């Protein structure tokens, strides 16, 4: 196969690393003492970070309001189950759709913005939604959370048991399927168009690329994935409270993605693993001052691993496997 | 994830096992402790730890023939997702047989199904909303307070002492809305009228507009319900800065707004404030005086709900001497139990496990150089008799 | 028989507030023509290209492309109508390789970039076309490395390849040989002549050797107005041009 | 009518407080194109320094203000020299995340040094209570705040317009390359400007101690307000920050009085609308 075809096929093929990554999650299920509840939440954080990666990593748009879509998905799943639609899988899809539609509308609103203005508008919209949900106690139960959320067993068979086995497998399956779709998407011409618009919107205009349409679509898509992550959280914890759309969550997911590495689709999961695991560790070690270590970790990441852990690890692995002499500084092309 | 206390406890256990004669292996009852140690409300967790230290200094770490071992976890505030995971971790992996907390209502609601399924008697020491204890899980008990226990007596007191037009100001969140409905209903039941009500945002650095609304309504008393923290301190400051305090307009509230944790921060702005509370460090009882003295070393007030939870656990475990610990037996023992608490006589309701206790009307006064809540009226809980 | 007009502007004007920097220019480009625009700095050359390509909205006047009125059209609509352009300062995709950049241009041309799950790698004919285009422009060897690391000269070539990959009817080149040695400039224009086929080319250029070497007609702009238009020889002899531009 | 005037006065003084706390951030963001979210931690530091000076050194409230200013200024100088100057020119997301990290660290460090609970501030009698002014009963402290705010605004405007150093700072704001081209020592100007901006934040924190509460979580609570004032006002524009502070201060107070159901969302609505209409802010230069 001529070299250029191999070049593109190479990018699309599932590498050994990727398969090992997903297999590890399956193996973790069988390890007797593994903390399935924590791993499920890491997966949910990871998927949530991947939704932000579509925006930030692939289209270069930072957002301080991604938790708004996460929260919309979480509450939609909550309301569905409260009004009788307790089947989880369809509930997940509907939640993603609702969040996606709101994402499309948000996309049209923030179209012309970038930089700090974009951060502030997304922050403002997120705060408005949080304030509304927290204050309307009759509608959402406010701070005490939405009453009456109960989810039927998956496929009618697997009940959400206490140990979290069903919850873990359900989350893993959902995350994997959504991830496979996203992976195919970013390897399609649409993904390349996003990267092009991230690098140089003016050049894209002169290639006739509908960058505004693409921006609205990627906002809708990223919102849908964030909504499904939110729905997964509601379904596995059978509870939802205003905290799901707090500013703190939007800041945490941004931190997670930057630590993991934006623009590699796996950065979200790697970042979630590092962040949630370390936060749990620091909190257990020193419950009062663990915020300090989270802050330090963030400062060090931004200083030394400018593009996140994943590229740093990949770079290390590449240098170790092939001496740098005969190999040009291969940038990990997405 | 071994908590600090757990490591010390393990070391102590190993030491005692070596030293003591090879008696029958002493059973250890593990007690899960779910409090907030970090973030804005991290203070409560630290005060609870000190209270536990004092309790264990006095009563040791064994009850009857069983050893009590605490497993500590930080819920990081009202964070249902984290709280539920930690409860699951404690029940499934740490195999705790008793639990104190989690604090905050959303955390309790999220964990209730697990507590029921795990059959782990759990004592709530930090969530006041109604509709949790007895309804969400048969294994829940409470040593904290329920909002109606303070609000209803306060309405009666206000009317009795001449208030006819009451202004109701609450923070705009679920417990605030509960308190608003309760005070309105009970005050109107007495024959009083509501001069006006206001729900202020949870994050509200600027209070002058709220004070102006109170002035406009010209009430003869003001009822306030706010979460413990900066809102209370700012409200009291604004109340005095705006001249409302000088016009000696009576200010009534639940015990939260004059809690000992905030009293010295609020300073003189809290003087004369009348509240309905369940505990005051100035409560006149030998048990309380000794406890307050011991906690003075830690420079803060005792966390009485935690103290009473420990009392209940130690007594309950001791009652099962000679037999392995059983959760259901503990529930049967605890429900209906009456005992003396530093706050005064309390009981765990036999019907739903909620707390029955006196409500005290108190006024903030300066006694030997320190601001305290002086209790001047006791309203007994009708179900207590 | 004059060839059909592929690009025409009538009374094209652009004013920022009171200051009008482009005063009522009537211009026409014929099919297959190689047309150069010359003029001193600040003559409005780049403004003219921005107005024609849609990156700037004109204050008045009109632009016709292939017979369609595109005065109010977005750049994307003009590209659909057959317009292609390069930029004075390289505007490429730093994190994409040349191969990916050309593939992206072809995907946009064939309207394949709607969200889909079909991998780019499976569109083999398009990838072959991209590789062939790169080879024709002498960039075959650099196809897979990061664009950012390409030498400046090759980036200028890639800039042109990107524009040509859309098979435009009208190609606007904004100082294509900027920053190149004379030899590299000539090589670039050789490639252009050979590869442009029947595409009409309008290029801004300072190097008179290149202008008179490759242009069939020349337009001279000065102070935002059209000074003269004609064949290279006519322009070389025109007294107005000589005074305003050549200085003697 | 007098109520409306009182509300306007209270809103104005609240706006002035926001201005003093935020103006340093606006200058550093506008001039050095550096988004320093930890600026709000510097304000907290000022509050703590003032309170510590009053409690431990027995200094009066009035004297604690300059101490808070100088103390925070010194700390800001060190922070800029050691950490921040390595990040000039990085993209704004990197700066945002770096300074959020610093903000988290400040929360724990302050809790470690001064303890986790609120820090009360004792106000002198001359600055507490109410006073009758033209028939309105206004709080003495707010009058004092207004005076300090106006003095500061004038000092800043003159400082930037009239002094040589001001000219140098404005040159850097307009075009850093050109400014360094004509021999201005950019590094020194940045360091000094950042320190003064930090000092102002410290002074703002000390002034805020009496209205807002000073505790380790101060930055987490008021970060959003400061970001809003700076982005609505327009980066790098002192006048813009003043205008935004006053608009948001009055809007917040008057909004809460006349439309209580809207509660705290007025400030967010204003931000979203202005950011959509003028992304560069009221007085900021078009990006």
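In this document, chain identifiers A, B, C and D correspond to the written order of the chains, with residue numbering beginning at 1 in each.
Here, contacts are C-beta pairs under 8 Å (C-beta built on N, C-alpha and C of every residue); 3 or more make two chains touch, one makes a residue touch a chain.
Quantities reported herein were computed from a predicted structural model and do not represent experimental measurements.
With centres defined by CA atoms alone, the chain at the far end from subunit D is C. The geometric centre of subunit A is 34 Å away from that of subunit D, both derived from CA atoms. With centres set at the average Cα position, the gap from subunit A to subunit C is 41 Å. Contacts with at least two other chains are made by residues 116, 263-265 of subunit D. Across the assembly, subunit C contributes no residue that touches 2 or more other chains. The residues of subunit A that reach two or more other chains are 131, 135, 288-291, listed in rising order. A list of each chain pair in contact follows: A-B, A-C, A-D, B-D. If you check the complex, the residues on subunit D that touch subunit A are 29, 35, 83, 86, 92-94, 96-98, 100-109, 111-112, 116, 224, 227-228, 231, 235, 263-265, 268-269, 271-272, 275-276, 279-280, 287. Considering their complex, residues 3, 6-7, 10-11, 14, 116-120, 122, 128-130, 137, 139, 141, 210-213, 215, 217, 220-222, 225, 249, 252-254, 256-257, 260, 263-265 of subunit D touch subunit B.
On subunit A, the positions that touch subunit D within their shared complex are 56, 62, 109, 112-117, 119-121, 123-125, 127-128, 131-132, 135, 247, 251, 254-255, 258, 288-292, 294-299, 302-303, 306. The part of subunit A that touches subunit C in the complex is made up of residues 2-5, 7-9, 11-12, 181, 184-185, 187-193, 195-196, 198-200, 202-210, 214, 217, 221, 328-329, 331, 333. Across the complex, subunit B is touched by residues 33, 35, 37-38, 41, 131, 134-135, 137, 141-145, 147, 162-164, 233, 237-241, 243-244, 280-281, 283-284, 287-291 of subunit A.
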